[in-house]
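Letters are used for the chains, namely A, B, C and D, taken in the order the chains are written, and counting of residues starts over at 1 for each.
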Amino acid sequence: MTRLQWRTAGESHGPTLIGIVEGVPAGLQLDVERVDAELARRQLGYGRGGRMRIETDRVEILSGWKGGVTIGAPIAFAVKNKDSVIERLPTPTNPRPGHADLAGCQKWGHRDPRAVLERASARETAARVAAAGIARQVLEAFGVEVFGYLTALGGVRCDPGAWDAANGRRSEVRASSEFLSLDPAADAAMREAVDQAREAQDSLGGTFEVRALGLPPGLGSCASGPERLTARVGGAMFSIPAIKGVEFGLGMEVAERRGSAVHDGIVPGGGAEAFSRTSNRAGGLEGGCPPGSPWWCAPP
Amino acid sequence: MTRLQWRTAGESHGPTLIGIVEGVPAGLQLDVERVDAELARRQLGYGRGGRMRIETDRVEILSGWKGGVTIGAPIAFAVKNKDSVIERLPTPTNPRPGHADLAGCQKWGHRDPRAVLERASARETAARVAAAGIARQVLEAFGVEVFGYLTALGGVRCDPGAWDAANGRRSEVRASSEFLSLDPAADAAMREAVDQAREAQDSLGGTFEVRALGLPPGLGSCASGPERLTARVGGAMFSIPAIKGVEFGLGMEVAERRGSAVHDGIVPGGGAEAFSRTSNRAGGLEGGCPPGSPWWCAPP
Amino acid sequence: MTRLQWRTAGESHGPTLIGIVEGVPAGLQLDVERVDAELARRQLGYGRGGRMRIETDRVEILSGWKGGVTIGAPIAFAVKNKDSVIERLPTPTNPRPGHADLAGCQKWGHRDPRAVLERASARETAARVAAAGIARQVLEAFGVEVFGYLTALGGVRCDPGAWDAANGRRSEVRASSEFLSLDPAADAAMREAVDQAREAQDSLGGTFEVRALGLPPGLGSCASGPERLTARVGGAMFSIPAIKGVEFGLGMEVAERRGSAVHDGIVPGGGAEAFSRTSNRAGGLEGGCPPGSPWWCAPP
Amino acid sequence: MTRLQWRTAGESHGPTLIGIVEGVPAGLQLDVERVDAELARRQLGYGRGGRMRIETDRVEILSGWKGGVTIGAPIAFAVKNKDSVIERLPTPTNPRPGHADLAGCQKWGHRDPRAVLERASARETAARVAAAGIARQVLEAFGVEVFGYLTALGGVRCDPGAWDAANGRRSEVRASSEFLSLDPAADAAMREAVDQAREAQDSLGGTFEVRALGLPPGLGSCASGPERLTARVGGAMFSIPAIKGVEFGLGMEVAERRGSAVHDGIVPGGGAEAFSRTSNRAGGLEGGCPPGSPWWCAPP
């Protein structure tokens, strides 16, 4: 069986982004509208140039299905760019800090930052969102759910209890926040931070959290470092250029604590379960992989 | 050309750890004593059960060289365990929190935590240190130097200026610290933290920093997410089970800053250089890869 | 550096074939007409349903270049199908022998051979030809030339001396043969074999030869089995479903010969060369990799 | 789950051969004596320098098991060399034809064939035999059996009906042949061929056949070329340096036949089976993968 894997291609202002997802099992009814919904969500967010003027990305499945059902073949897809103007755009005079411009020009020995930035662009993540929109449907068939949301922006932090408070209606709560957080009450302060930064012709940083529920115990491997789920997810997160820090569970805070305030107790379970956990400070990853359900009993 | 890569095998109390390093070019004079010195450094650190009783790990090169010079073949090595007692050790009654015990027992469907913990053990990193001791000599042939040191332990943080202050004699300074930091003046406070934790039968967290100097611009890729150096180094760091957070440059702090306080200016260079940088907040990684030298002009 | 590699996707009667080629260095002027010429050559051959009614495949480069020059990014391309009728085609009643129909239906647990055969189709090789048309231009930049031609069809064998006889004008000779051989004098007999088989509603087998000139010595590896050029090329050849046998040099005939009639002597070279070879029975591959130039002195 | 995979290291006259097999599931009782028996079989064969003086290779499992049962961790093993004399052996004056000597010396830019031949040696296959001896036990747990035997040597061909004739006692028949064929009646002629070649200070070629029974349908993939079982097995066969030709089923003979004399009919099955096959000319591989049982009804 081919491992579930993806590849993307395409430039920011080229004709199209292309992706190939391999290893999707045959027989999966693929819901393209849900992939489009993920692409639409990617384009949301206050301060993105105005919600009124949103370009609407759409995925076009080019292969790997028949009658809406996957056939075990590689799934190729396109996310077309509205403005395929790569050949007409000017060559920037200078490389920009915080981007790959300088690295690419030196690596390939030329002086055209555009030949670098067109690929090393945030636009590339649109292809990943489409690939993930397909992968998500594979995961769901195995009872795995993945949910991401904003937790801080421009110094404004969301309520740490927002995840629990939104239990049972998280998608709706996230959709009601202009910043895709689970704490819409923080929207006003974030809007102000965005407006002030924009006025100063500056930009803002932020954090987001991703939770995966229903992972089978030991997913990845606890016997081989590079196969650990922490290694694979951590590496994937750091493949997004803007990301400068990744934390699991308590994250960097474990450096400040004693072990007794870090580890999550294993206690005999009540009812049908053989055991339960007294906390989830590890982010559901022990020894680099999920310890299995029920792994979560109370917030950290 | 085979890519430089490694594999390890071996349990904590099995007869030996084994590693295979592939892709080492032929013609490299391999200094085994330096690899042993790295293994010895791994075993240092106050609170490790006493420096007096250190087991001395040694690497034994089993293949891939002739007359001390690499021949382009896979380099296999052994780091032998003193006590090969895996078959005589008792089976723990309970899985331990913070380890792979629970994940592994459920993944493989048995009730023997020892069959899990023997491999998912910190001892495995001894094989990685040996592999890295070989890889380091390859990197040096290309002018790349990698240096790691402790920056905080048990809440005691080293002087942020320690890197600069130790310029020109960093190896010596690190060797003079019982905690392998560049700030030996912090040793006393760290010793106290360790002693107190030990008295309370507890353990401590900490942070370390690794710096790589001399990386060629664009190493990895700025055109393909999974090949980005951030993705590969970040994934490698998270393959070490105990690590819960990884940061490049400012790390999580970028979430709190405006872009103008994050990016590193590119300015016309003085002297022979075409340009220089006004800061290095990005940790020498822009768009996921090294922007090239001179990338560093002043501390963040 | 990303290794030169390819992926394809797409069904026989889906909207398009898609390919992604990664690892092409930046700065290569890409000649798309030459790729189209390879696609056209793939569609040639007497008995293919009539040369008059040839569908003309064309490659469309979707990413990875700017102004006709590669930029170091993944090159995605499309080869569009004229008839995108996958959803309207009937489901075959029975799986066909000699195809993946039966394997796929059982693997994926359904009864629709079309869901299998659409991907496991000879049409997929069109995407490989396009990918190879790009890779060929990379190889040429390193002085490597690859040339394939028919050597037998339906029991009619071409003159073994055809390669030498066509020296200096091989492309022209091959283009002059309706069967893409280097021995157009054999065309008449082959046409007759094709006509007779067609009349009997049957098909024919054949052989072809591929020669690569200018390979650097030791390409691949002689130190690691899976990296040997024989392993990689042999595996690639066998990834084409119809291929049931692959030979290098003398091939299966070595089984009948003594070693002295198999090995290629190494003798002191005349002129500027340090050595030369008395024959090339090994197909230019010794120990699984090219022994370097001048490796060829006389026909086997 | 880590894919089942192997790596080897070690030189012909170095201290030891080393292998790592990854992806072996936990819970497999590993029979080391059977691995040793495979190593012993590798050392058999008339003309090998005398059966009396056989070095006895033994595998030593270094990791990945506990109490004789695999634990899901990488299995490292050693096959020690009796004469670890690599440092004392003379450097050959000249590279040998038919070996990697010339390729390696040019690839790595030196003049020491020993530094090449020590790794590119037939001795390396001992490590593969040990790895395969482990993998075989994994396959058996899934009902897959693999059996190899000699079919021709020095122009002497075994009876094509030997496979069928030996049904039910193939291991015993093979063990009774000095050449590990299923046709011991051919031993005398083969001995004579070996004796004559030895007298002439020459060597001989031969062929062998490997049959895998019980493969699940579609193993590998019929949707992705490089994953096809033909591609992976073919590549693996060609990773053995001496192999110059690989055939599946009829092999090169398909080039001489019409399709009707190549394909294997699919007919309604008698009894409990839904269908059966009229022949097995494809070698049990259609579209590059196994079409599933019952795939075999009568010899080609």
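Brief remarks on what is shown
One rule holds in what follows: a contact is a pair of C-beta atoms (placed from the backbone, for glycine too) under 8 Å apart; a residue touches a chain by one contact, two chains touch by 3 or more.
This is a predicted model, so every value here is computed, not measured.
Over half of the residue numbers at the chain C-chain D interface are used by both copies of the sequence.
Between the interfaces A-C and A-D, more contacting C-beta pairs are found at A-C. Ranked by separation of Cα centres from chain D, the top chain is A.
Averaged C-alpha coordinates put the centre of chain A at 40 Å from the centre of chain C. For the pair chain C and chain D, the distance between mean C-alpha positions equals 27 Å.
Rounded to whole angstrom units, the spacing between the C-alpha centres of chain A and chain D is 45. Within chain B, contacts with two or more other chains are made by residues 8, 22, 71-74, 104, 107-108, 116, 119, 223.
Interface residues of chain B facing chain C in the complex, by the touch rule stated above, are 1-3, 22, 71-74, 221, 223-224, 227.
The touching residues of chain D, when paired with chain C in their complex, are 8, 94-104, 106-108, 116, 119-120, 124, 128, 152, 154-155, 197, 200, 202-207, 216-219, 222-223, 225-226, 228, 230-241, 243-252, 254-260, 262-266, 277, 282-283, 286-292.
Remark: chain A residues 7-11, 14-18, 20, 22, 25-27, 62-64, 66-67, 69, 71-76, 78, 86-87, 104, 107-110, 112, 114-116, 118-119 touch chain C in the complex.
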